[in-house]
Amino acid sequence: MAWFFKFINSSIGKKFIMALTGLLLSLFLIIHLGNNLLLLVDEDIFNSLVGGLGGLKPLVRVIEVLLAILFMIHIINGIRLTIQNKKSSPQGNKVNSGTETASISSQTMAISGITILAFLIFHLRTIWVKFQEMHASQDHEFFNVVAESNIGFGNIWITIFYIIALILLSMHLKHGFQSAFQTFGLSDSRYKTIINCIAVFFWFVIPGLFITIAIYFGFFFNN
Amino acid sequence: MKVTLQVWRQKNRTTTGDFVSYDVENVSGDMSFFEMLDMLNNSLISEGEDPISFDHDCREGICGTCGVSINGRAHGPLKGVTTCQLHMRSFSDGDVLVVEPWRASAFPVIRDLVVDRTSFDKIMEAGGYVSIKTGGTPDANAIPIPKFDAEEAMDSASCIGCGACVASCKNSSAMLFVGAKVSQFALLPQGKVERKERALNMVATMDDEGFGNCSNTGACEVECPKEISIINIARLNREFFKASFN
Amino acid sequence: MALDSKIPEGPLSEKWTKHKFNMKLVNPANKRKYKIIVVGTGLAGASASATLAELGYEVEAFSYHESPRRAHSIAAQGGINAAKNYPNDGDSIYRLFYDTIKGGDYRAREANVYRLAEVSNNIIDQCVAQGIPFAREYGGLLDNRSFGGAQVSRTFYARGQTGQQLLLGAYSALIRQMNLGKVKFHNRTDMLDMIIHEGKARGIVTRNLETGEIKAHTADAVILATGGYGNVFFLSTNAMASNVTASWRAHKHGAYFANPCFTQIHPTCIPVASDHQSKLTLMSESLRNDGRVWVPKKKGDDRNPKDIPENERDYYLERLYPSFGNLVPRDVASRRAKEMCDLGHGVGPTKLAVYLDFEDVIERNGKPWVVEKYGNLFDMYKQITGENPYKSPMMIYPAVHYTMGGLWVDYNLMSSLPGLHVLGEANFSDHGANRLGASALMQGLADGYFVIPYTIGDYLATESLKPLSPKDNVCTEAVKNVQNRTKKLLNINGSRTVDDIHKELGKIMWEYVGMAREKSGLETALEKIPKLRKEFWKDVKVPGSANEYNPELEKAARLADFLELGELMARDALEREESCGGHFRVEHQTDENEAKRNDEDFTHVASWEFEAEGKSKLHQDKLTFENVKLTTRSYK
């Protein structure tokens, strides 16, 4: 096992963990998006699907715990990397080379990550908590929560917050995907084109659709 | 033309440094950046001041001795050149140039713009070679090597070890430097015998020497005067992964 | 002292083999009891350090660079020769030997050159095994290209960075030994003096360039691999720090300096742009295959070259050498360019340049053809000069780039100072009066990998050396001398900067001891240089202190030695009343302005013994040619 700990404590190993947890977390986005897209399709189907999840509670809990663990590893590892990197580079240049040498998304991973975490906490504390309560009270009008003005898109500031967070998520994923495949050593492989397509799906299509939902319910939806 | 320099001045390893401003007049576009500094230094000496120390030697872009950050850019604003090949015609009259040493805790400042890059030698000591002795080697043509592989190895081998990759990285990571060396040997049959130990030992030394972790921002590739690709980093990751898991 | 070149008896092709057998060996278990100091870690020094450490000797290596990988060997572009005969075009060890002797205008030692050709093949094997990515053909075997002075393709290369790759190979062998603890490497450490004990070289005095600490190091033998002295001209293709100090300090302690005036001047360099120029850059000689060299017929013609009509251009090489045209050898092309500029036909802002025009070939073969063949060189030219050579002609001028002269060594590479061995460009041995392209890398590695590891063993096994510690008187004395000299330099506090005086020395050297030398000019130099030296010691200004990182102090100490060497070069050039290779005496030329050798009086190595500052004694080390016939080089 010594070799394993040596690996995960090495600079490349830490990057590897970052990439792996990031990719697994991204997979959850597909499920979440699939679920949310139903909001644009039909109120009843959405309600019954979310309601149905109430019946699969043990499975959902397991997935939730797994996601939480992945998040923790991703975050703790990220903090570790950031601290070490600061130590390696205690004094930056007086003049910042800005985007001349590296993309904005690659330079703002910590900031976008922290914002996403803040958003996540907010999202869980509002929607997730509310849905738990509704499951408990057998209230299956989940759709209405999305559009209401207290914690849903009825509040314009909440909508704006969602959109900003989702844009940052997109940036985070954009660099994250490119970075992950570089870390896995696949960036020069013959599957490069497929990999790039998958990356575009995750950083552009997925956040784009989430944003579309937010805009629709924030600005165009009337009860 | 006239330029204003804001140069990092630091007496030695232990003192703290600061920026000092110098106006340099009568700069001609044909001067190299260092010839402009030579001119400034000669006038500083005549005025009884300490000249600015900077590392340089071949002044033709191959020895890797030189390197300063100019306005935040390692080796200045041009692509694919070292500082010694940068000419003043790349700047305009009245420009303010902030001149700094390579910033990284693994590259302590010795004086002014001169840094200590022996950490690179330490990494090389950990495995940047094929363990053979002089003599007793087989005929040079005994092992055919595909032209494509030899060319790719040469792409990696053209690293001059200047440290611009570290200086341009916000984390001061040495992955491009290490990646280039590990790649060169991984691509050639001569290097394959020791590939496992090489990847493990060079990465371990890199970490011990205090270089940061790679964030894959790609800044190193942009600033590398020899335009070494970050594909070398991907290759290093692969080599290290394979070496760790078998 | 009479010079004994110690050339082994027997037929040329058996000398080295026999000599290797006859030499005494050091028992493997005893090797670690011997300590060897190696100064300079370029190709020759790094390869020697690594190989000696592999054999078991205790090695301490020194370099003023931060890392061995910075040595100027790295800048060699073209390639490395070897007599592999892979292209099956009739090459052989003998042919490589013959070409090198002839290229050197018969002023090198037969036996040394033959050995060089003999081990050349081992070098390629060694380098390939180290993982050096030489250029290859599609079948996977090594590619060769042809180079000047040879009619066969024997040059191995790694793009235009052969020197870099070979140096990194030697460096890798060296750091491997450093990692094993067999070599102790001192970086940023400058050798400032020799330590002589009982007539033998036993150590060196160094200055730590960061802290200024001056220290003695002792050993059983000392190896200098400290490169050439082209920077005596201030402007050269050498790196900024290249210097003669190590060699000169050894010279002052009894090592003879051989053929100091033999300097190679390369015709196709980017010309000096202004007085602020610090360094010259070489452009590959291959450009002369398709470029046409010309100057305006009218003196001081300031017109744009495009506006100068064909009949007002002087394609002087084509005019003077109708058969060879622009492809005359290096020395001739260089000399003619200087002559044209001296006559007032020079072009460019400084009037010290000639045109190298590609208009015809671009018209004839099209721009893409030129891009494919010379693209990288054109880009480099544009980068340095800011001008587009596709649109207006290039400007070129000759520049100093290699010194064939150096410390005298015998067949064992030992100097006239016992225990002091000299390798690579720092010795004089293999190139005679002119070095062929792609031979410098070969010599550096031959000396380091395959000659010195044998011959130094013979020295150590034969000599009985008394123990010597850095605390002994002779060492502390030497340290004190260096400290005093450093103090003296710092205390002058005059008005002229080191660069200022160095530039003046360079101008004197270039003017009078440059491409074409004349009795009167050399005499002028012999007057001017001592005067300048005196001025240096009276009026130089060295800022800062001795105990800090102080590049001006380093430069000043080096210039002090250049100021002595320059005088010896002029004296040697004056003494050698003939023209040969890179040494051209205006008085000695044929009717067609070719170099005219005087084999009767000058078939020798001029070896100078230091007597006092500005005073040297000449010893002639006769060259005997048993295998090749001395002929006149002809380009007709």
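Read from first to last, the chains carry the letters A, B and C; within each, the first residue is number 1.
Note that in this section a residue touches a chain if its C-beta (ideal position, glycine included) is under 8 Å from a C-beta of that chain, and two chains touch if they have at least 3 such contacts.
As the structure is a prediction and not an experimental result, all values here were calculated from the model.
S.K.: From the centre of chain C, which other chain's Cα mean sits the farthest off?
M.R.: A
S.K.: Taking each chain's centre as the mean of its C-alpha atoms, which one lies nearest the mean of all protein C-alpha atoms here?
M.R.: B
S.K.: Could you put a whole-Å number on the gap between the CA centroids of chain B and chain C?
M.R.: 27
S.K.: Mind checking the centre-to-centre distance between chain A and chain B? Centres are C-alpha means, answer in whole Å.
M.R.: 37
S.K.: Please work out the Cα centroid separation of chain A and chain C, and write it as a whole number of Å.
M.R.: From the centre of chain A to the centre of chain C is 63 Å.
S.K.: Two or more other chains touching the same residue: where does that happen in chain C?
M.R.: In chain C, no residue touches at least two other chains, as defined above.
S.K.: Can you tell me which positions in chain B touch chain A when the two form their complex?
M.R.: Counting only chain B, the residues touching chain A are 6, 19, 69, 71-73, 77, 98, 100, 103-106, 168-173, 175, 203-204, 206-207, 210-219, 222-223, 230-231, 233-241, 244-245.
S.K.: Where on chain A is chain B touching in the complex?
M.R.: 3, 6-7, 10-16, 81, 84-85, 87-98, 100-103, 106-107, 109, 175, 178-179, 182-188
S.K.: Report the residues of chain B in contact with chain C in the complex, numbered from low to high.
M.R.: Touch list, chain B to chain C: 11-12, 28-32, 34-36, 38-39, 42, 44-46, 48-51, 53, 55-60, 62-65, 81, 85, 87, 89, 110-111, 114, 116-118, 120-121, 124-126, 128-135, 137-141, 143-147, 150-151, 153-154, 157-158, 160-161, 184-185, 188, 190-191.
S.K.: Under the touch definition given earlier, write down the residues of chain C that touch chain B in their complex.
M.R.: Residue positions touching the partner: 47, 50-51, 54, 65-67, 69-72, 74-75, 84, 86, 122, 124-142, 158-159, 161, 163-165, 168, 171-173, 175-176, 178-179, 187, 210, 237, 239-241, 273-274, 276-279, 281-282, 383-386, 449-450, 453, 495, 497, 499-500, 541, 543-544, 548-549, 551-552.
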